[in-house]
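Order as written gives the chain letters A, B and C; numbering starts at 1 within each chain.
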Amino acid sequence: MFGDYSIGELGSIFVMQGFAGLILFSVYVLMALGLAIIFGQMGVINMAHGEFMILGAYVTWMTSNLFQSYLPGLFSGYFFLAMMLAFLASGALGMLVEWGLIRHLYKRPLDTLLATWGLSLILQQAYRSVFGAREVGVELPQWMLGSLKVTDSIEVPINGIFVMGLTVSITCAVAYVIYKSRWGRQVRAVVQNRIMAGAVGINTEKVDRYTFGLGCGIAGVAGSAFTMIGSTGPTSGQLYIVDTFLVVVFGGAASLLGTIASAFSISQTQSTLEFFTSGSMAKVLTLLAVVGILMLRPQGLFALKVRK
Amino acid sequence: MLIGHQPKPFLLAVEALTVSFDGFKAVNNLSFYVEENEIRVIIGPNGAGKTTVLDLICGKTKATSGSIQFRGKELTKLKENQIVQTGVGRKFQTPSVFEDLTVFENLEISYPRGRTVFGSLAFQRDDAVKQRIEEVAEMIFLKDRLDTYADQLSHGQKQWLEIGMLLIQDPELLMLDEPVAGMSVSERAKTAELLNRIIKDRSVLVIEHDMKFVEDIAHKVTVLHQGQILSEGTMEKVKNDPKVIEVYLGH
Amino acid sequence: MIITSRFFNRSELIGFVALALVLVVILPLSLDVFRLNLVAKYLTYAFVAIGLVLCWGYGGILSLGQGVFFGLGGYCMAMFLKLEASSVENTKIQSTPGIPDFMDWNQITALPLFWQPFHSLTFTVLAIILVPGLFALIIGTAMFKRRVGGTYFAIITQAVAAILTILIVGQQGYTGGINGMTDLRTLKGWDIRPDHAKIILYFFEVFLLFGCIFIAQFIRLTKLGRILVAMREQEDRVRFSGYSVANFKIFAFCMAAIFAAIGGAMFALNVGFMSPSFVGIVPSIEMVIYTAVGGRMSIFGAVWGALLVNFAKTGLSESFPQLWLFGLGALFIAVVLAFPNGLSGIWADYVQPRIDRLLALRKSKSGSPWAGNSVADGAPAE
């Protein structure tokens, strides 16, 4: 497998594939963050998470179109507004879904799974009806195009660096919100003892709604980032949902650090393998490894206790 | 060791039992022995590790170190269902019966036959089973409710049903976690009567707060405090132990 | 006792007779061969749905990977049929005659080793049962012995479905890739394509389906069936009654896998091809909705669920393709939020009482033969 390449070439391959993997890692982390918040904190399996991400992608696409038609002068900065809009749109839809659907199913995790799958089908068809079945691509502003030449054989694309920077800042923000803010304390209180939290005056329903909304909102931002590395179609989100769930479970739900570490190892394994075998075999091998490890260590990489 | 010199081997020998949760030792180097046909009551303040001891014996919690010998068999190495098969029965604090099944079916599941997958496929509801179930149902005051689904029973009736489910297992060691908690006065009296009947011919390990009840049934009392034995002996001895008085009556 | 003395209670007997009447008499008489073949295709999913009743409805184990077992069964059957269709005579224009066409297209020059035994029908039939059965045994043992269940298990099974699909699509030289195995022709020299063959295959499938229904009903009525129910609500109590909970879960999961595999094999026979589009995540979760629509605790409901959802799918996607996904999505939500017991629940709540009232009216005039039959032996709903 490695025989045909010189050491220097192999080094470059690992670095380049590693970087390609980092963009995949960013999308995984952003997707998984939202999912991990919802699953880890609320125990809800949101199968429509990919569709929330795609909503963010469509919002980004629409914003870019708007800027192109009406505000071409400000086009270089549209992306920041698009991200915020994506967060708000997905977050608002998430809160609506929590109110209309999820809150009736908190005691029935397996049923939530089926119901949110139904929701994902509806959203997919809605996207198809509104935006058409064809995939759309977002035009990037000039400054994000091109790449930095690090050495003769290593180049890194600027939008990749941007996506990663974005991921890092959002992860830090989420970590701050969950671990340091007053609201984060309320969320953790509700997770540990719902009745007690209610008794000490926390509005548990509101906490649930905002938690779900936050998770979905982050998925929307993930969608914004996603537009830079892939084109957006009604079913693009579905392709990521199982991978992302594996990331969350593999990392040990409820552990932010675990989620990041597992997103990193999964995306790097896949990206590196991709260079040496076909893309599909890389995926099969990666998933097999993850499932195999989960069978040996069902609590995931970083969880302290085995969940039932 | 001493055990070898005893006239009669202990039914249950717990030695140097320790379990720690993330560094907190809920049970700490605990040793005690239960003889055949002995009624042992464990008392102690909240958080003393009483329920954890029962969890450890029945395999629900794995010990960090130490040993639990039941009739010479090491229980810490066995799975829950194997422990049950060696003859240890456990009743939980909150009644845990199968609400989607009838009283009859609840008792039938506890009948100690056909406990493997294929054994349960081949299991026949023959006369021996029916007779035994009716016998037990009569004992637990539920004879006329055999076809009732368990979710229709009152709290006390569920407790009785669970006791009945243990009874039908016919364990040599019966472990009861607060069997009269949450019962009405009349239910309590009936339960005491029931327990007094079923604890014959077997050893029983009971956790209970109701001192009147404890005095009625206990041969020997073990007082736990912070995962360790504070005092052990007859009710009379324990009641007058200054250490116990201090723990119970405050500082 | 009530339960062991009679295999079906009254409402189940009605369900059985009604289903038999529809499948054996009404549908074959009223539909042309094309439509009857469609029904045969739908019924292959009924096998999966019955398995899910045992595994999910009774055992509480939601598998989102039943497509894996459906696919394994289907591919085993398809491999046999494909080999028979790829005789040296039929494939003499290939550069390597005697191997399946897709292998030839992918520059494979000899039949791979794992294909060899599929020349034998006996081996194939055994493989249809054993390959998925053993695979389920491995997954089940690995997961349930470590007490992984619930949503974790669901996600792992989903990942397995994803892995198998990608593998089948990627290894097209060995599996036929995305197109699957097409152009299946004969079974031991008997052509499976003409109309009369389709009718015979339909009846054979219905026969097998009733076989599975009887097996499922038998399991349901044994103590094992009650242990599954008990386990679903109080796993610990079952454990502390001396049972190995993991073994019972493994059994339910394996049975569901085997039923699904039989369905898959019948799919290959009746439809004449097998492809990865019946293996992956999406078909697997759709298989769950058949059971949910029929009523997760009802064996007959599962069959109706598979039939009705698929009829609706064909009908809607022929005339209003956009509506189908909306409809399916709404179905998922409705069946979870409003009708957790599906059709059989609706039947038990709304239809059955009316029939009972009618019968009661009649009974007041003459003695009822059903007198003394209590509800305790379980209406299909619960």
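Going forward, contacts are C-beta pairs under 8 Å (C-beta built on N, C-alpha and C of every residue); 3 or more make two chains touch, one makes a residue touch a chain.
Values in this document were obtained by computation on a predicted structure and should not be read as measured data.
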If you average the C-alpha positions per chain, which one ends up nearest the average over all of them? C
Chain whose average C-alpha position is farthest from chain A's own: B
Just the number, please: Cα centre separation of chain A and chain C in whole Å. 34
Between chain B and chain C, centroid-to-centroid distance (C-alpha), Å: 44
Could you put a whole-Å number on the gap between the CA centroids of chain A and chain B? 49
What part of chain B is in contact with chain C in the complex they form? 58, 60, 79-81, 84-85, 89-90, 92, 96-102, 104-106, 108-110, 112, 114-117, 120-125, 130, 147, 165, 169
Can you check the complex and tell me which residues of chain C touch chain B? 1, 3-4, 219, 222-224, 226-227, 229-230, 232-234, 236-245, 247-248, 251, 374, 376, 382
Sites on chain C touched by chain A in the complex: 60, 62, 64, 142-143, 146-152, 154-156, 158-160, 162-163, 166-167, 169-170, 235, 281-282, 285, 288-289, 292, 322, 325-326, 328-333, 335-337, 340
Sites on chain A touched by chain C in the complex: 43, 45, 101, 104-105, 108-115, 117-125, 128-129, 238, 242, 245-246, 249, 278, 280-281, 283-284, 287-288, 290-291, 294-295, 298, 306-308
